[in-house]
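Each of the two complexes below includes subunit A, the first together with subunit B, the second together with subunit C.
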Partner chain A sequence: MNEISQALPQAQASRVGWFDFVTRHRAILASVLVLVFPLMMPFTALAVNILIYGLYALGFNLLFGYLGLLSFGHAALFGSGAYFCGIAIVHFGLPWYLAIPIGVLGAAVMAAIIGGLAIRTRGIYFAMVTLALSQCVFYLFYQAVDWTGGENGLRGINVREINLFGWRFDFIDPLTRYYFVAAFVILALFVLSRILASPFGAVIEAVRENEARARASGYNVTLTRLITFILSGAFCGLAGALMALHLSIVPIEILHIETSGMAVMMSLLGGMGSFFGPFVGAAVFLTLENLVSLWTVHWQLFVGAIFVACVLFFPAGIWGTLLKWVKS
Partner chain B sequence: MAGLSFDLIAMQLFTGLALGAIYVLFAIGLSLIFGMLTVVNFAHGAFYMVGAYVGLFLVSLGGNFWLCLVAVPLIIGTCGLVVERFLIRPLYGRGIDYPLLLTFGLSYVMIELVRIAFGKSGYPFDTPELLQGAVNIGVGYFPLYRLFIIGVAAAVLLGLWLFLERTSFGLIIRAGARDPQIVRVLGVDVSRVWLFVFGIGCGIAGLAGLLAAPLQGVIPEMGSTILAEAFVVTVVGGMGSIGGAVIAGLLVGVVVSMTSLVAPEMAKVSIFALMAIVLLIRPQGFFGRAGLMS
Partner chain C sequence: MSSANASSQVILRTDNVSKKFGGFQALKGISAEFTRGAITSIIGPNGAGKSTYFNLLSGAFPPSSGRVEFDGQDVTNVPQHKFAHMGIAKSFQITNVFPLLSTRENVRVGLQAFVSRYDIWRSRAKLPGLIEKADELLALVGLRDRRERLAKELAHGEQRALEIGMALAADPRLLLLDEPTAGMSPEETRVMMDLIVKLAKDRTIILVEHKMKLVMGISDRILVLHHGELLAQGTPAEVRHNDQVKRVYLGQREH
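Here is the complex of A and B:
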């Protein structure tokens, strides 16, 4: 942790003491929140979903919030993570501790391909190209019925028990499952915090703030974008792999445009470019979905309307607006 | 491959052109709006879908298809005017991503409203009686309705071209696309021009939805698929270029129908492969200006 605090920009030191403390130890605090989170939720299944989608939005936010590239194709990365992890278990009979890294790697490779093509275009094109390419990934996985199960989804990812050096955990138990997922999410939180606090993290934000100036300072803008896209893909792939284990099936809907849209909505609702924002966004989005579906099936109407209102009036999102309010 | 006769290929070419005509109508609206307002309209697919549903509704009220051809673009265009005036206008000058995000959220709302009004399942849409059947086009019998789509698209393009090139309002639109600031200095209310351009683009999208309805039926999700495909068209043709949208739209249509002749399961993937190739060779598209979007 000491390295992280040293790498943080000096400007933050001038802020209020405890606010500075929160920023500095954001990964630890987020981890504590993750650990006590299921105690605050009505049912654990929702908490697991929030955790996984929160991680997915976190990966998306690295690209959108910190680098400033709006991707509408992250479903392809989330989905590849889930499919590669699932295929490793179903078709190759690999244990979970090998399947998860395969999912992450698969998503990273997918991100390298999609990102490599998409960053050749600039600005507004990026959203369109990523959307189109993710649609292409959808059709490819949809056609490969032998591997992916096509329309029926990939079934049979049965992980009943986690065996960790002799300790056996019952994966069916919701709370155990939650803490299993939480362990990976916490790891991801620390890695992400470390990336953002590193000199490379500073370059990411420099590219977002002023591309020409970053280039003039001697940074390779294209490479920075590609690496960030791949990192973002790896985080989303981890989320996807955990999703596959959690659902014990990979539905083809995971590759739909709507899944890409979810990452965009969660990030913006929570607050793009803030560390906790995506989790707040995922929690709000999924809780809203659950609550509204109790009395109407048309929950998307409300989510869509709230999103539109957010774009118009609170572009900083819930967490971002809260942060601004605390700072002033 | 041996079983492919010249006639079959020629027929498939025409089928591709009819499909391409829908893409062209969809993409010119998208391109027109982007060229003038620098707004990527993610709700374009939703306007397309609502166009088909409004047509369905009018026909069920006893209106005929020909009336719909006029009424649908007007109704959808008016919806577009309202959206621009009250939702998109507050976002000008706030960064290029915001209108995009807003229209994306709007498409959710529009799709869900249609689901509430018409239900989740789709409806068939009858081809108007006059346009049923097929005509001999020299290489074989071709469905009359598809020929009609090509004709309507050509007429809309011609009308749009005359409007942009030969009227004084068209002149203002073209000037506004090149340099809004100068146009404003000359005393033209640019925001009014943008309002109409958005309305026109949405109206054409509604028309495209109506024309596509007899081919594929009407479902609430019909807009999301074509949106992704239209993005391919605009990327291939060059964003903001109407000529590019026309050529790329027809090209994409032909590529889809030709691939479905040779390898049907690859038909959907082929257009994305086309986009990948164009991105590798010429990232700004056929007619795009390099650096326009930076």
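Here is the complex of A and C:
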């Protein structure tokens, strides 16, 4: 059963029945966790942040953990999702239910362009090309002041009320907002889980495992990479669109290189080979940021130290190590 | 032999192919024909250009000049991933499997390439018949009871057998094997040779081999390369008695 629904590509076929169960129903279990999550957090706004960054890291991990390509430019995709969603609302007065798909689509198109240019390179070159292209995207949005607000960010994304077939929800209320975002994240979890269990998911793994062999087996490696890059971009774009609604502003910092770095850190921290690892990484990263910054402004020093410790001593990440531990 | 008959007898043909790597001329204008249904071995001492020639035949890279024809069709510049779909499969000189996938999944992925490559929505478990077919191929190459293991946990000889199982997933008319017994124990080598003879009943096989003695018994035809040139070709007996071959190859300590 292991090869059919493989949450952990590195995991060996498990002889533990319930572990198989968890693997097969990973999307449902992850959703349950997402639903009870705000009750465990000190404040809801942090929980919303974790949800959105978790989705961003999840989208990034499709490329990094499952396909094995390290991108240093995912901020461009996250940011494009946010800006396109925000522009649709601010400049075109479109409702949220159109603005979100526009954000996703915008990010996917951006991914097609960046991916189309970068996908022929490997390893460090791929990381550098994506980094350079994301810097181009940064300046593009930075310069288009009329559309994006430039340095001041895109302001005025005011969604106060969510009207769902006559049911009205107060979007200002933090918990309502959390569950609104959670609904999209859960949808994304199911779609991602499905992609990974699909025939294409098998091709993604095959390409990661051995490019030359995949090619000899009859798979178009370049096209597989490009499609995966676009899918990854779409997930990150959804995260960005939700971020725009959540913040009601798109700060230009969303396109900064630090945002790209965050996806890498969260994935490594949580465990790049696992389905839910990036989410755990996002939760640990942001919670540390919030808690440590309560008593010192040098919170990055502590997060950095923990990150280094994780990479050195738990290369499978927090979640990945936990999974291994539970299984053996 | 009439020309129409001749063309159907030939499955693969290279027409004056050369390959340069920078300033190094690895292959110098090799023209050869490979007979359908036969086992043809390409032999030669180290550095003869065997692997380069193999890579041209299997589409890993195109020649610098010249032409490769498969079944009368020009395949000189066809990209590698299309070869499997035309009916040409290969195994690599260095073991090349998907290490962190199960043995069965290795073969199943190979089979899947002919059924579904870009479907992101259905479940791969529901693709009909692939797992059964994978188990059949694993039984053929003698790995059926190892199917749950990760490919990287297999012994070297088993990995080579797995690679052939993966190549067979393409149900190829032409099977290309690059030193299939490299690094194997005598016992593993014997098993592999038996397997090759068994597979040759239904398909054409071209194999590259360093150890000449090994292929003399099973080959229908032999090509001898030396310094990037085609030194001789013919039946094993003809090649064995060729003076030039004796000089450059057999004169050395025989392997």
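We adopt the following convention: the second predicted complex is superposed on the first by the 314 of 328 C-alpha atoms of A that agree within 3 Å, B and C clash if a C-alpha of one lies under 4 Å from a C-alpha of the other, contacts with A are read in each partner's own complex, and residues count from 1 in each chain.
Simple rule for what comes next: contacts are C-beta pairs under 8 Å (C-beta built on N, C-alpha and C of every residue); 3 or more make two chains touch, one makes a residue touch a chain.
Quick caveat: nothing in here was measured; it's all calculated off a predicted structure.
For A:199, using the defined touch cut-off, is the partner it touches subunit B, subunit C, both, or neither? Pick first, second, both or neither.
In the superposed model, A:199 contacts subunit C only, not subunit B.
Look at A:217 in the shared chain and tell me whether it touches subunit B only, subunit C only, both, or neither; answer first, second, both or neither.
Second partner only, subunit C.
Just subunit B (first), just subunit C (second), both, or neither: which does A:102 touch?
The answer is neither, since A:102 touches no partner chain.
Looking at A:311 after the superposition, I want to know if it touches subunit B, subunit C, both of them or none. Which is it: first, second, both, neither?
first
Scan A:127 for contacts with subunit B and subunit C and give back first, second, both or neither.
first
Output check: A:85 vs subunit B and subunit C. Expected answer is one of first, second, both, neither. What do you get?
neither
What residues on subunit A touch subunit C, complex-wise?
It is residues 2-5, 9-10, 12-13, 194-195, 197-203, 205-206, 209-210, 212-221, 223-224, 227, 231 of subunit A that touch subunit C.
Touching residues of subunit A toward subunit B in the complex: what are they?
Where subunit A meets subunit B, its residues are 70, 72, 117-118, 120-125, 127-129, 131-133, 135-136, 139-140, 143, 211, 257, 261, 264-265, 268, 298, 300-301, 303-305, 307-308, 310-312, 315.
Could you pull out which subunit C residues touch subunit A in their complex?
58, 60, 79-85, 89-90, 92, 96-102, 104-105, 108-110, 112-125, 127, 148, 150, 166-167, 169-170
Tell me, which parts of subunit B touch subunit A in their complex?
34, 38, 40, 87, 90-91, 94, 96-98, 100-102, 104-109, 111-113, 115-116, 224-225, 227-229, 231-232, 234-235, 239, 265-266, 268-269, 272-273, 275-276, 279-280, 283-284, 291, 293-294
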